[in-house]
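Multiple structures are listed underneath, in structure tokens.
Note that subunit A is present in both complexes that follow, paired respectively with subunit B and with subunit C.
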Partner chain A sequence: MKAFANKNATSIREAVSLLAQHPGKALPIAAGSDLLGEMKDGIETPEVLVNLKTIPGLDKIRQQSGAVSIGPLVPVAEVAESQLLHTHFPAFVEAAAVIASPQIRNVGTVGGNLCQRPRCWYYRGPFRCLRKGGEFCYAPMGENRYHAILGGGPSFIVHPSDLAPALIALDAKARISGSSGDRTIPLEQFFVLPTVNVQRENILRPDEILTEILIPLPAPGTRSTYWKQMERDAWDFALVSVAAAIRQRDGKVEQARIVMGGVAPIPWRSHEAEAALIGRPLDATTAAQAGDKAMEPAQPLRDNAYKVALSRAIIRGALLRLI
Partner chain B sequence: MTIPARFTEPADTTVEAPPKAKRKAAVRREVGRSIPRLESHAKVDGSAEYIYHLRLPGMLQGKICRSTVPHGRIVRIDASAALAIEGVHAVITGEDIRTLIPDPYYGPAFHDQPILAIGKVRYVGEPVAVVLAADLHVAEEAADQVVVEYEPLEPVFDEVAATKPGAPIIHDSLRPAGMFPDLQYLKGRSGTNVALDARVLHGDVEKGFAEADQVFENVFRSRKVVHATFEPTVSLAELNGSNGLTIHTSSQSPSYVRAEVSRLLGWPENRVRVRTAFLGGSFGAKLYIKLEALVAACALLVRKPVRIGLTMEEEFYTITKHGATVRIKTGMAKDGRIVAREVETWWNGGAYADIGPRVSQKSGFTAAGPYDIENVSLINYAVYTNDPPAGALRGFGISQIVWAYECQNDIIARSLGIDPLEFRRRNILHDGRPHATGTIMTNAEIDEVLDRLSDRMHWDVLFDHGSGPVRRGRGLAIGFKACIAPTTSVAVVNVYGDGSCCVSCSTVDMGQGSDTAMAQIAAETLGISTETVRVIHPDTDVTPYDMATLGSRSTYHMGNAVRLAAEDARAQLLRIAAATLQTDIEELEYRDGAVISRSGARMTMRGLMLARFGMQAGTVIGMGTFTPPYTKPDPRTGQSPQITPYWMLAGAAAEIEVDTETGRIRVTKLVNVGDVGCAINPAIAKRQLNGAGTMQLGFTLFEEMRFNEGQVINASLADYKIPGMLDVPEDLSAELVEFPHEHGPFGAKGVGETGMFSVSPAIANALCDAIGVRIMELPLTPERVLRAIRESENRPLESE
Partner chain C sequence: MKKEKQSRKKPAKGVTRRGFLTGMGTAVVSSAVLGPVLTSTQAETLPPTRPKGLEDISLTVNGITYSLAVEPRWTLAEVLRDHLGLTGTKIGCNAGECGACTVILEGKAVYSCSQLAVWLDGKKITTVEGLASSGDLDPLQRAFIEHDAAQCGYCTSGQLMSAKALLSRNLHPSREDVQRALTGNLCRCSNYNGIVEAVLAASK
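Then we have the complex of A and B:
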């Protein structure tokens, strides 16, 4: 790991101004469970780390009118154990509970989970790939069993976050603070496809940090769940995951948000699957159709066609949990 | 050579009780007791010594600069940028090593591996240079700045392709090492990637196929995996006086390291001291030479202590398990008897032979399975490729072979409509019958292993396969291994003036519990309590020669040596007492630090010392040497009347659930049965079986090194998936089959690898039982399972 300077920020304002002072050379750090690994592997070589953990107040879960506010420094384990969150947002809690290992959940933060970098082995390994400023993405011609089946090109990474699909399914918003001010956007718009930016997974500018997640309280009748399919049962990233939030009225689906993890360079919202459900009863037939529709645009690579079959199965399975 | 005394005492379990009068003499106090490991507390409170933690005053840390191409000529190494970094002490290359060691090639089978690459690199990750600095971070940064220019050569990665005419040749010529007697048959070769082709011919296989009612032929593959020890490989070297060298190393084979480093330096062995401590796992990764020659050369070049400790990532570049392609052809008679079997195996040994030829030959000769087959032909190719080197991994190739024959046996049984258990019963190789090598089977309790599996699985009870997307299945498999031969262990038992004792031996406790087992054997023989025995860790200045801690050989070989050494010490004490008491030695017994005669006379340790040394101090040293008999196989036919000191028999059975929509297999029950002769410590022996079973579970379901043009792409524990606690089957159990081996110490055989053999085929057979799908390549990932399901439904995934 390259030597670096650590700066403890005491406020959001100080953090973003420190980042702005070292353009391209500073990175924000929370728990560091992802960033430190990247630094050890020489993927990121910041000269300055701006420590966000020293900013007071960013580690709170607060109930507000019509929404719950989640500080980005809330540990994942706290989400997994929160009764308040479990009451309103089962998908969020279920997603938190299956992240990594107990140690990582204890230190890892909500913000860090949303901002984590891809697990692609070309990105993590000694390859100068597109995402690291290289000429091309190794995945299409290489070992691509874990890569994107949707939204891929020119980079075929998949977004590794478990919390992101759940929070997008729950219509969460993100507040971003930077040296030029704050903005609040739907979390769905936080993530960007490689066609927009091939080197980043989100819209954060170098002097910006995520400062709050707001989840609106769901309308009555809303149910949500998160299904993560892993190769092994502990400490694994999703092969495919799905978060589904469904509101039914009079035996028909009134609103549906279906967001997948592990299939695309961003948390992948399937409008096709949602459309297949709206106005119809949620049952085995419509759940299977939603899975089929979600996979219509899929374009698997040489080794990852199984993820198409897997996605269909777990979309159906997740929806059946919500009947 | 010492031929072991025949063991005459009965074991305390499973065999019929002897008449009461005899039984009294044979009551065991220490052997057979499940005492906690002697080092448990030290491991929990952190005081246990590991070499990885060792720091020496004035020490430099080395960081290896590694090859980035799989096969190429080194055009230029430019270390100027690295040397310019503040704090860099030196950059060492292969040419620098040559100034110290003119012929710096090492290896237990062939002298093929350079300490640092010379002229050519043969795999991605091969050490090319070492940066030395007092600060490891400085060394790491500088290692990135060493510029190496390569002229790429065509690589070859596949073990079958590498044997074809026209394949790129990885080594221009091969020089046999000639150190181990079982590898004396290796020949110098050139112009080929096949380091060894070993054959076993038994009966007439062509005739057998011609007469068979049905012939089955399949190809099974297993991929490269790694040991993933939690203590990575580490070695330190320091100058010792004016002309000596001390190497502290996480090695399973300190005696070998001393010999090989001495040979490289052209020194007598007594100038090289090698010591080890507890190992944080090894499983074959820390055998022979790994970093020892490199740190030795560096320390001598810079005249300072040098440490090199690998990262987990670097472990993937250092040693792996062999990938293997196994073609197996079996001729069957109508009545379900196997009449002919031909097995051809290509072992992917990677760029350097390491111990690959022994893996190929030793596992290869068991490739027909523990079955009585009249006509057998076994061919094994130890193949060089441009992958990282492959060596020993817990089982020495056996699990790759069992994977093939036990999957095929199930295919055959199903095809013939015979219950898989019954199929195996019909074909078992019973004691007294010749194995394919011509060696007559003895002390091989395969019937019993099958019986226990059957009981534990309730095999005769109808099994619910489930309905809906999640299906259930069960499967079993058996396997066996011949313990390595010929090898020697030497032990010293030192009884001090107060009656306490130390065992000096070069067996390395790497987590398997050998310290405890050796202490139990010494304690049993000397009539003292195990907890009072201290086992001195390997230090070649102190502890005598041992071939290595490998191949499940320590309990049997070193156990016998320790028993003999303790008997020797005891005999000396009895002789002192007999002379003093003027009585017959047969009248005396040594127990709890005193000699007692039948007539009731008693001599304490104090008295014994006084009698021997004229004062109440002194030491009685017992020595034991153990080398079991062995006859070299005929190089043309592989025939030998005595190919091994003992056979290790094993069986595993699994119940699984498979989700047909996600392809995910969950093993709900895993039973591992091992024929251990007699368990010195039953709890530790069972843990060995369960530990090995869980390790093999990882190799069955998750683990697989993935490569991109020779570059490992999942060299981290995040991406290379070993099983976690949640992956351990809820119902995991081990069972010991205990029939005392006639030459084992108190009847014991080895057990370290036994639990590995049969797990993979048991699970694959269970998968087939559940959903009728057969997968012939490990691991059984959701991807492979889904792919196989879809192929069986004629809806290949590629249609997506």
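Then we have the complex of A and C:
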């Protein structure tokens, strides 16, 4: 790792002002599960690390009226074990429980999981790819079994987060703080396609950090779940995952949010799958149709067509859990 | 670097290969941190040397508190092995994937290759050396021996620490609990069943 200075931020204000003071040279860091790996590999070479873990108060889960507030420094393991979160947001807790390994869940944070960088082997490896300021994405012509089937181009990474699909399915909002002020946006709008920014996965400016996640308490009749399909049973990124939140009334689906991981450069909300469910009973037929509809726009690369079939299957499977 | 409390027993006599190497390591590190040994006349004219960018921290490892000056880029695994001579903690992938470097930080199993030492000022850490600090093996270590849970042995200290973290919060885990707790520790010899048997035996 190249040498750098460590600055322990003691407040959000101090953190964002430190980031603003060192444009292009400072990066925020929480547990470092992802960023330290990038620094060891020379993908990122910051001169200053702004340590966010020393900011008090950002590691709390708080129940508010109508919502639960999640501090970005809450460890993933705490989400996985939270009875409060399990009561209201099963998809969130199920997603947290299958992230990485116990050692990473013990330290890795909610904010870090949402802001982690792609796992594409060209991005992580010694390739000057599009995402690292190079000329082109190697995936379409190269080894692309883990790459995007939806929303790809000109970069074909997939977003690796498990919490993001779950939180978007649960209609979470994100508060972002920067040196020019705060803004709160739907988490869905936090992520951006490569057509918007080919080098970043989200809208954070260099002097901005995530400072809160707000999840609205679900309306009565809402159920949610997260299905993560891996190559092995544990300690892996998703080949494909799906978070589903469904509200039913009088035997019919009143509201549906279906968000996929591992298929697109952003957590991929399938409006097609949602439309296939609204106003109809949730059963084996409609669950299968939702999966089929979700995959209509899919454009697999040479080696990842299996993700289309897998996506259909796990969308159906996740929905059947919610009947 | 100074130890405020010394509780490790020195061997009564003779020199072991490991003891010799560990001693050499410490000597080299000490001179790097403190600067060359000066004669009395030089000492009056030269300022004390200290590489730029070091940060002072205090770490309590296996009950011993160490005052250290660390570079921000040094990982906990590097500090444990290269600067404190605690080479029981292994570095496998150095990428937070294999688990060989697992230690217990404030009661929780973590990858020491993925923690910067500069973040850990005032924290308590237990390494595999801490399992047998009194000289008697921990029940887990005895069970690992009895169940041949170590093959090449490289992952063993990490497996022990993950298992120790599990047993300290769950005295009687199920087989599935053990398997789940050890998912972050890879064994290239693939001796997973032996390791799980050992942990289950130690929990009885």
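In this text, the second predicted complex is superposed on the first by the 323 of 323 C-alpha atoms of A that agree within 3 Å, B and C clash if a C-alpha of one lies under 4 Å from a C-alpha of the other, contacts with A are read in each partner's own complex, and residues count from 1 in each chain.
The working rule: a contact is a pair of C-beta atoms (placed from the backbone, for glycine too) under 8 Å apart; a residue touches a chain by one contact, two chains touch by 3 or more.
What you see is a predicted model, and the numbers here were worked out from it, not measured in a lab.
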Ask   = So, does A:Asn106 touch the first partner subunit B, the second partner subunit C, both, or neither?
value = second
Task = Considering only touches as defined above, state whether A:Leu49 meets subunit B (first), subunit C (second), both or neither.
result = second
Message = Looking at A:Ile258, would you say it contacts subunit B, subunit C, both, or neither? Reply first, second, both or neither.
response = neither
Query = Which holds for A:Leu310: it touches subunit B only (first), subunit C only (second), both, or neither?
reply = first
Inquiry  = In the overlaid three-chain picture, which partner chain does A:Ala234 touch, first (subunit B) or second (subunit C), both, or neither?
reply    = both
Query = A:Lys2 contacts which: subunit B (first), subunit C (second), both, neither?
reply = both
Request  = State whether subunit B or subunit C is in contact with more residues of subunit A in the superposed arrangement.
outcome  = B
Message = Show me the subunit A residues, by the header's touch rule, that subunit B contacts in one structure and subunit C contacts in the other.
response = 1-3, 37, 101, 234-235
Ask   = Contact residues on subunit A for subunit C in the complex?
value = 1-6, 31-33, 36-37, 39-40, 49, 51, 53, 77, 100-104, 106-107, 234-235
Inquiry  = For a test of understanding, state which residues of subunit A touch subunit B in their complex under the given definition.
reply    = 1-3, 37, 42, 101, 119, 121-122, 124-127, 138, 142-143, 145, 229, 231-236, 239, 295, 298, 300, 303-306, 308-310, 313-314, 317
Inquiry  = Taking the touch rule as given, give the residues of subunit C at its contact with subunit A in the complex, in rising order.
reply    = 53, 55, 71-73, 75, 94-96, 99, 102, 105, 108-111, 114-116, 118-119, 162, 165, 180-181, 183-185
Task = Within their complex, state which residues of subunit B touch subunit A.
result = 68, 137, 140-141, 144, 469, 661-664, 701-702, 706-708, 711, 713-716, 718-719, 721, 723-727, 781-783, 786-787, 790, 797-798, 800
